[in-house]
Amino acid sequence: MKKIGMLTSGGDCQALNAAMRGVAKALYSKIDDVVIYGFENGYKGLVNGEYRKLKPKDFSGILTVGGTILGTSRLPFKTLSEPGGKETVEKMKKTYSELKLDCLIVLGGNGTHKTANLLSKEGLNVISLPKTIDNDIWGTDMTFGFQSAVDIVTNVFDCIHTTAASHGRVFIVEVMGHKVGWLTLHSGLAGGADIILIPEIPFSTDKLIKTINKREEEGKSFTILAVAEGAKAKKSDKSFEEYCKKNPSNYETVTYSLASFLQEKTKKEVRVTVPGHMQRGGIPCSYDRVLSTSLGATAAELIINKQYGNMVGLVNGRPFPVPLSEVAGKLKEVDPESALVRSSKAMGISFGD
Amino acid sequence: MKKIGMLTSGGDCQALNAAMRGVAKALYSKIDDVVIYGFENGYKGLVNGEYRKLKPKDFSGILTVGGTILGTSRLPFKTLSEPGGKETVEKMKKTYSELKLDCLIVLGGNGTHKTANLLSKEGLNVISLPKTIDNDIWGTDMTFGFQSAVDIVTNVFDCIHTTAASHGRVFIVEVMGHKVGWLTLHSGLAGGADIILIPEIPFSTDKLIKTINKREEEGKSFTILAVAEGAKAKKSDKSFEEYCKKNPSNYETVTYSLASFLQEKTKKEVRVTVPGHMQRGGIPCSYDRVLSTSLGATAAELIINKQYGNMVGLVNGRPFPVPLSEVAGKLKEVDPESALVRSSKAMGISFGD
Amino acid sequence: MKKIGMLTSGGDCQALNAAMRGVAKALYSKIDDVVIYGFENGYKGLVNGEYRKLKPKDFSGILTVGGTILGTSRLPFKTLSEPGGKETVEKMKKTYSELKLDCLIVLGGNGTHKTANLLSKEGLNVISLPKTIDNDIWGTDMTFGFQSAVDIVTNVFDCIHTTAASHGRVFIVEVMGHKVGWLTLHSGLAGGADIILIPEIPFSTDKLIKTINKREEEGKSFTILAVAEGAKAKKSDKSFEEYCKKNPSNYETVTYSLASFLQEKTKKEVRVTVPGHMQRGGIPCSYDRVLSTSLGATAAELIINKQYGNMVGLVNGRPFPVPLSEVAGKLKEVDPESALVRSSKAMGISFGD
Amino acid sequence: MKKIGMLTSGGDCQALNAAMRGVAKALYSKIDDVVIYGFENGYKGLVNGEYRKLKPKDFSGILTVGGTILGTSRLPFKTLSEPGGKETVEKMKKTYSELKLDCLIVLGGNGTHKTANLLSKEGLNVISLPKTIDNDIWGTDMTFGFQSAVDIVTNVFDCIHTTAASHGRVFIVEVMGHKVGWLTLHSGLAGGADIILIPEIPFSTDKLIKTINKREEEGKSFTILAVAEGAKAKKSDKSFEEYCKKNPSNYETVTYSLASFLQEKTKKEVRVTVPGHMQRGGIPCSYDRVLSTSLGATAAELIINKQYGNMVGLVNGRPFPVPLSEVAGKLKEVDPESALVRSSKAMGISFGD
């Protein structure tokens, strides 16, 4: 007999339910007597002992359902040294031991993995699954949620493209990603963006203006920019810095400032699209369903084999256990020298650098 | 033998090409000897004599293609009394007569129809087709482009919904429509929005706050607002008016101001999605393809029967000629007392009034 | 206080849940004390007294869910004179009166409406809603489910189109519709089919072969046929009749026989696609969501106003009560002389007649 | 200066144009003076010297376009020893040398790669790209076209699912794949199929009947089967063998025979969906656009570095040259013991074995 706890933490994304279904169906089919507790709203539920016993039918029909049947919340803390950190951990350990859990499965992103690693170090049996539309988790080629988000943003570019071609304008699509540019890079490439701006490669507005003007000269009256939320200008870009000082914006990202700056400099109309939270939502794409199911079923195998303390990553195309201690605290960024960035540049796409 | 001129004017939308294909294929199949000239970039092409002779194969394979093969531009003017108005009209008449056109087909929205009516009064044979995602053209039950845009915005709501349900937030989706609320109303209803704000029904922020709080009390932790670009607060809403004065925004619509106001008042995170120009783009939906093809084929019949001076509208579900003089200068608004608004209210949707 | 019974009957389709949600939300918001009973699996549930009391939250979140939360089944009978007919009706009346229902809401197609009318004549208060992908219900411009199915089949044509253009082949898409051709006509038109075969217009294989060969001569190496399940050859088409005799098929429709016949006669490869039940499934399109919600909310108004004995149809674009006695027993067919068929022919589409 | 020939061969699929665009844009941006010749309809064009000089704008706007701008055809032959083999090769070599090509780029599947390898051995500089919805090319983790097809078939399952749940039926979806089961496996897993039948794992109808009946007992009234075109019964399955003898079918795959057999044995209605060629068509998904662009850009690098005689595969997630001699003549099948099959079985999915 096995008792398993399960929770989803951090921002939600597509295929969370599919992944939990993968874990559960594999457990039910392989272990005669298994009980799964679902903690509500992420680690909060573990802290406060808020959970419900899940049944096989709770996992039925959720393969295609967005969001998470368990609810989620941001993390209460990331290190033991934060105020209240120790007490919170003790509460989590208490719930874990009172329920006599054999293992805790957590689905989440980078923050989630820090806590997962901490709990593992504290002696709990933890296995994790990498979910995020950002694809920024160390130790896995791919996170689930990412490809679904790429699909959504690519569709935004497709729609913009047909209308862009009819008018002579500059279009900016603000893509989610405060720290990393994976989503912007893949969707920009798939969507035929002309300029891709990501946090890993600071841009120079001079370069952007030149690209837009050069396209104009070549008879291409429109330019489409894929701009990550975390995109930022080079420190040497004094002209844009000054513009921002003169025209302060209370919008949290660079998008609208960049839009009005480019409009002033290029004399072309600049229009902005902000897909926002739609990027996290909707039905998971087929790729994410296969990925999350496969990682989930592998997590069940790890539980049976007592290979605790691991995240199930996709390594060279196959599900593989990666120690939580290696995953936690790292960020998988886009390498400016990677094959994909080089390919993109070879396609004539500007990164503004 | 017939010589036909064709142009698309105003903002582009889905199914423009499908409609032109409808006109052309029907003309080619019904008239032995027909020549179609395509004017470039709307009325500009007619003014400046910029056109190309189109061939049957130009209309092949464009049923599903967004944008317009002719290009489009905003109108040069709307009345004869504008500076340069008379000269511009004379140029258009000259091009028309030099090409010895039998008829000019124009595809466009409200502005386009003003000019079309003017040219008709000046003696040109004009037939028009109602295109716009706004559905605000008088004399037709439906414009093409509208349903495709509803599909796109509804999909935005669907995506937002699954993520909204996982977090306790307020989401605002800004929907195109500066003057009318058709697109916001239909997509909001189809997308399950909780609050719909349209230009025709000014809102009170008090009501919005109450709705959000009441939902919270009923255990619904999230609220989704469909907000038309042209939505505006009631004049009596002094609290919001003052807030806007204190916190000036250079964003052109009420959206971000409303977002930060509601965030302050409800203490809930408010997130904004701006689909923007993606609403005009992409592949036309099946409904718009049938509608635009059917209206286009009917326009060909009108040409053959010399029933000039008409827009082909959808009247009680059937293509029907509507005099340009009745169409021009009017705006088809959402009636706050209409069956659809009443149905929406019966569904528990708030309009903030 | 009102007690309402609700059931879905016949083949399922998209937007059934959306329609029931429309009825229920409007009832809950307008009547202080309303109880809704959901009968399971169509009239069967009414006959056998199998029902459950529904709550507001049962109608929450089902706007976008395909299928029906109540289940459905084919009708037990259509007339009182069928064996067991009277007894079955008595059982339905008994359930109705034992529950002290004020009204029974039925959602269904043509068969469903026959029974609904019969129950109405027997003294029950009945209101109905027109659902079917076939769009063949008399008294309404449009049924819900239809436009969603058109979207699905149109997408099939879109996919076929790109591959057809790469190879020189004939493609047949078998579209649902044993008795009427609405779905085939609309999706064929939207999907750019070259030949449309519907039950209302018997075809001649000679004409089909000519069309395919003529296209070949014009340099169009492929031909796409939209063929309704109920399409049939003219009686005068002896050549095809004989072929079918010689090559008997146990496939229920003409599709595969037609495919092999055309392959033999045109010497071109003929490939078949059978979307089948996918046409009834999936998420309802935005059009159907607005339509079904609006009809549903209107049904609630009729209940409140005690306007029983009606179907809520869409008449000239607006929800409107239509007496069940006028609806029952009729079939809304495609008129071969209608504007849409004429437009299609004007587009160069062959109906094989 | 470089002169490059390009052709697409075999069945078409999604992202062929995207891949060619990738090659061309990278070549144009990296080599000052490059000429690209496009051969028409596959190797045929190379044999007969039918080609056209392509320009940068030919590759513009085709990222999202299905099919191939060059046309395609099945291969003329696969080995030199076939009748006419030598002469055909000589013609190809002649065209190649007359045009003074530096390299020939071929996009195709298994057959295409045999010929590519042969031409490479004959001394031509050849580089290939792996396209097919079957994903059965040796030496690459993934072929482009595959993921787009998975998306399409998964959507079929999604639609079937909602209708299946409303009726108590068995549904068979016939998925492309005569020799391998990748597409059936991935889409079946993503679409929540209950039974997956692939060529690599022969099935026993006894097992299928048991699975269907067991589901019935568990209260699941419907069963969905994903059946590859090349699925076949075990030789030991005498009961089905006899049935097929008694009820001969001229349908080329096992699908309809299996359907009627299961209907007879389980007394449940069995319905068939045949997506057919729609699986090869439509707009490439975002994954395939990134993959094909990236492989295409890498092919351009290989040309520049004169690394001829290679296919550009995806190896451990990165574009990588794989010798044509290693690729040709091999088939990448689904390993019945692979992690994905094991995961699927762990999910409770039956393979009928």
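Think of it as A, B, C and D in the order they're written, each chain with its own count starting at 1.
Just so it is clear, a contact is a pair of C-beta atoms (placed from the backbone, for glycine too) under 8 Å apart; a residue touches a chain by one contact, two chains touch by 3 or more.
This is a predicted model, so every value here is computed, not measured.
Novice: At what distance in angstrom does the C-alpha mean of subunit D lie from that of subunit A?
Specialist: Computed value for the inter-centroid distance: 30 Å.
Novice: Cα centroid separation between subunit B and subunit D, in whole Å?
Specialist: 41
Novice: Per the centroid of Cα atoms for each chain, what is the distance between subunit C and subunit D, given in Å?
Specialist: 35
Novice: List, in ascending order, every residue of subunit C touching at least 2 other chains.
Specialist: 158, 161, 165, 283
Novice: Pick one for the touching-chains graph, please: line, ring, star, complete, other.
Specialist: ring
Novice: Give the pairs of chains that touch; include all such pairs.
Specialist: A-B, A-D, B-C, C-D
Novice: In the complex, go through subunit B and note every residue touching subunit A.
Specialist: Where subunit B meets subunit A, its residues are 11-12, 14, 65-68, 71-73, 152, 155-156, 158-167, 171, 247, 249-251, 256, 260, 271-283.
Novice: Residues of subunit A touching subunit D in their complex?
Specialist: So the residues of subunit A in touch with subunit D come to 22, 25-26, 28-30, 61, 63-64, 141, 147, 150-151, 154, 158, 161, 165, 186-187, 189-192, 283, 285-287, 289-290, 293-294, 297-298, 300-301, 316-319, 339-340, 342-343, 346-348.
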